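Pasting the structures in now, so scroll down.
One chain, chain A, links the two complexes that follow: it is found with chain B in the first and with chain C in the second.
On to the complex of A and B.
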């Protein structure tokens, strides 16, 4: 194993910043993508996800800070690194005039690790017509073609920028299954951005959330799901919301005698803390949350706190 | 190398139909230039020129379209281009695009041109220089298109940027001309104009390549665009202000047989007038040259006059002459004598006398002219002369298929029709001249005559000067585009004998003993003289 294959992180950024004129698209972003993880990069539209990816892929230069991919400064990424990176984006230009077969023939000589068997298998799995021109394919089929041309050389890092936007559920499911099968076999790192958390439910094992260019969190899905709880407190009295609430109580609301909120740092002893804050509290229930619920809670909180 | 070929193949596949069209245009042009004789009659010449103009327009449009699309299929000004996230080296991409342009847009037209030139008997040395010149001109045309395409993201912005660039070049050039005129910047000679144009072309190619390489390697569009604009300013300025005249012919010592001491030069403005027509007011006076040894022609090439008016003001100007425009007395008389001398002191039968005794001796701008046109002044000028003489280049028996071949110059008699007082000779000639590099080694004039050695007489052709060389389009980059714009061979109908030939001087037996002589003018050196005249008035009519 070479030194860079020994690395714990496939991608690292430190204080990564990018401005367009006076607009700051990405601000002081520091994150690390563990090798072998499926890293979901979540955020609402305009959060700075695509700009971050473009800096990672050496398409845009950072205004400040730095990013490394496989330990190489992203602004120095060249053919050597791109032979190990697969990139698919909803915004990426395709070579429309080629047929699927011609696209494969064009891409193949660029990758020494191109796997014809895998390519054939993906062609069948994605049900792609080899003799059809890319421009005549549906959006979903076009994304499949791009994904095929980015998977068939077994990249060590797969970067997907909003790959499922506009695709129907069936196609999306096929793509997700395709990605999952391969990454589980190959221990690839997948960096996938989306504004729709539903797309990544059951796929990602590491989550980062970005909002207005700033990173809000970055941790493993297991850790996230262990600390986020949807809490319901039955309040025996007419008191409103406690005036001084801890910051980890997100989206608190009171309806009748029930106080609801999302606890972002739930652990043993949190129930005692709640009772201390709400003296008239009765029954307290805390439910584990889906990734979607956590993301919605985070997104709503950030908007509320603007 | 393999990767370069791989990307080249992709572009060839994409452009295969466009390239087929491009090759067809080149073939059509080559066929037109080789097969069609534009000199048969006026209608055929018009059709020839029109077809050539349409083909040129189509070729230019095709070249612009292919180059723009070639570059923008893998755009440099983009964050979504397919190649950006693929293992495509920028160097290899640049190499693939460059090879495409070199191979299909430059080499193929050049091959077609080469085939035509070789078919028309060009000498190898001329072939080399002509090919080099063609590559330079095609480079000057194509490289700026590549620059604009490399700095724009799509075809519509390419068209806008291209239009703005062309307008900027035209306006910049006009502004510089006005500025230099106001500053009384020395006006260039013909050779200086060549030097300026060549320097500007070389700079355009050099900086264009630098801009393209920088943009491909670093993709910093704003900075590269600034570099391109600076380069453009430099190129436009060079085209007007470049001072070094590297084309200026070396000073050739005067031939010893030319007796400079006996030559006297004077100017006379007693019957001067302002040259009619547009342009700057040019005062035409009589240039009197005497004492020229027979066999030589003394021709002014530059007049640098200073006119001093009573109030003490001095106005300077500069007039450039060419040999072809100096068909004035006494030059015409000198020419007749020189031709006669070159042919062995023959008598020129029916040589017409000079009709135009005046030549341009001063030129003024409109302000100066309006201010001083009635004012008498003292004229003094330094006049630079070139000494020329005629020499026989070839003597052809007056019969069909007689040939003249020297280097790239060829001539063959196609038909001879002689009557009692006149003879019509059709000559097919080819001479692919090289405007820049061969201009000064080419004779300034080629002339055909009929000579009868027995009677020691000669007949001039109908036009006193016959110019085969077509230099009129030399600065137009399309002039050599795909392939040579200049007709490669042309048929000339030479009529000898006319109403000016005295009755009885020539008959059919005269033509039976005649031969066709090809004369060329060669330079025998230069000298300058200072002349003065006190009777100068810019506009004599107004002064009265």
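On to the complex of A and C.
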């Protein structure tokens, strides 16, 4: 196929911006989604996640800037690209009156890469009733049906807009297993938006955080987890927080003889830095953090500095 | 396919670290034994519902620490805990022991209490 097989990034945006009247929904968004990653696009409701995704999927035109998918300008995405993209969104038009079986029969001819074996195994795995109409399905079943119809042709890129919202843990696990099926093939990238980081713990390995239309962070989980540490320092004496603190010490607080903070640039030598800042330091412990705890620290810091 | 070790994720701790620990615990308690085949990256990812890249990293860590071995044509098996890992194990022990002593002294426990607790766990794990 074309040279885009070797592309490092499945999605790239540059200064992507979209306004609705005077409201700026997405502002100057520049990010790159590495191929072979499960990319979490995180942010509170109304942060601009869905607007961004709609621009990526050529449903909305950007007001400024641009986005490319597989190297193709998103405003030029056509059938050839969409045959390799799976897109599932809550506010998508679905053909409600069809049964699950009819939906499959309807989708199959559109995709040359349709995999009957995968479709069958997902149908069983998702426990979907083939003869039920989509409109009569529960929210979870409906999401499973939509994911199935987007996975069965083994897309090279899967874009999911808030797939887990309002679903119980069991359904979430089923959906995750389905999504992970895709990661067995040669070419895959998964882009998932969510307002709830808990939904993506363990799943995402790239994290972007968007707030009020602006990108706050875009980084690999490995990089985040190597630099973030939850630090506790036992301090002899009654000194309060050191007055001048490095900006990389997030959310510092002191209770009794314990100084606690999140170090956002932890590295070798950070202990010496702490001892220099807090001369009365006793035992220092620095623990790695989960995605959730890093996200919470970031969210609290942004809110405080706003 | 069921995984040969128990895994219950806890909040706050990186997934990679939790799984590596769970595997070590299963080896120590002989839930998985030298020569046993170890789940593939794919199985780990599917069963734990974790990112395949993370699963890959977990297997890599365990291989590096000598706990798993790659057998071409067979897959990954549980290693025989070679001598080379003794240093690593004693380092691990030193860290863990320090941590335990600190915690115990914080709680004003006696050495005997700590040894009792250790003995209990030792027997419980079937060492």
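In this section, the second predicted complex is superposed on the first by the 301 of 306 C-alpha atoms of A that agree within 3 Å, B and C clash if a C-alpha of one lies under 4 Å from a C-alpha of the other, contacts with A are read in each partner's own complex, and residues count from 1 in each chain.
Just so it is clear, a residue touches a chain if its C-beta (ideal position, glycine included) is under 8 Å from a C-beta of that chain, and two chains touch if they have at least 3 such contacts.
Keep in mind the model is a prediction, meaning the values are calculated, not measured.
Enquirer: Are chain B and chain C a fit on chain A, or do they clash, once the structures share the same frame?
Expert: Fit.
Enquirer: Mind working out whether A:292 is in touch with chain B, chain C, both or neither, as first, second, both or neither?
Expert: second
Enquirer: Can A:205 be said to touch chain B (first), chain C (second), both, or neither?
Expert: second
Enquirer: Would you sort A:128 into first (chain B), second (chain C), both or neither based on which partner it touches?
Expert: Neither partner.
Enquirer: Just chain B (first), just chain C (second), both, or neither: which does A:56 touch?
Expert: neither
Enquirer: Consider the C-alpha centres of chain B and chain C from the C-alpha centre of chain A, and write down the angle between them to the nearest 10 degrees.
Expert: 150
Enquirer: Which of the two partners, first being chain B and second being chain C, lies in contact with A:225: first, second, both, or neither?
Expert: Only chain C; A:225 stays clear of chain B.
Enquirer: Quick one: classify A:67 as touching chain B (first), chain C (second), both or neither.
Expert: Neither partner.
Enquirer: Minimum C-alpha distance between chain B and chain C after superposition, to be given in whole Å.
Expert: Superposed model gives a least chain B-chain C C-alpha distance of 26 Å.
Enquirer: Considering only the contact definition stated at the top, list the common interface residues of chain A for chain B and chain C.
Expert: none
Enquirer: Of all residues in chain A, which touch chain B in the complex?
Expert: Against chain B, chain A makes touches at 54, 57-60, 78-80, 82-83, 85, 87, 89, 91-95, 97, 102, 106-107, 109-111, 159.
Enquirer: Going by the contact rule at the top, pick out the chain C residues touching chain A in the complex.
Expert: Spelled out, the residues of chain C in touch with chain A are 9, 11-17, 42, 45-46, 48-54, 57, 102.
Enquirer: What residues on chain B touch chain A, complex-wise?
Expert: Residues in contact with chain A: 2-3, 6, 10, 13-14, 78-82, 84-89.
Enquirer: In the complex of these two chains, what residues of chain A are touching chain C?
Expert: Contacts found on chain A: 36-38, 173, 176-177, 180, 183-184, 201-205, 221-222, 225, 283, 287-293.
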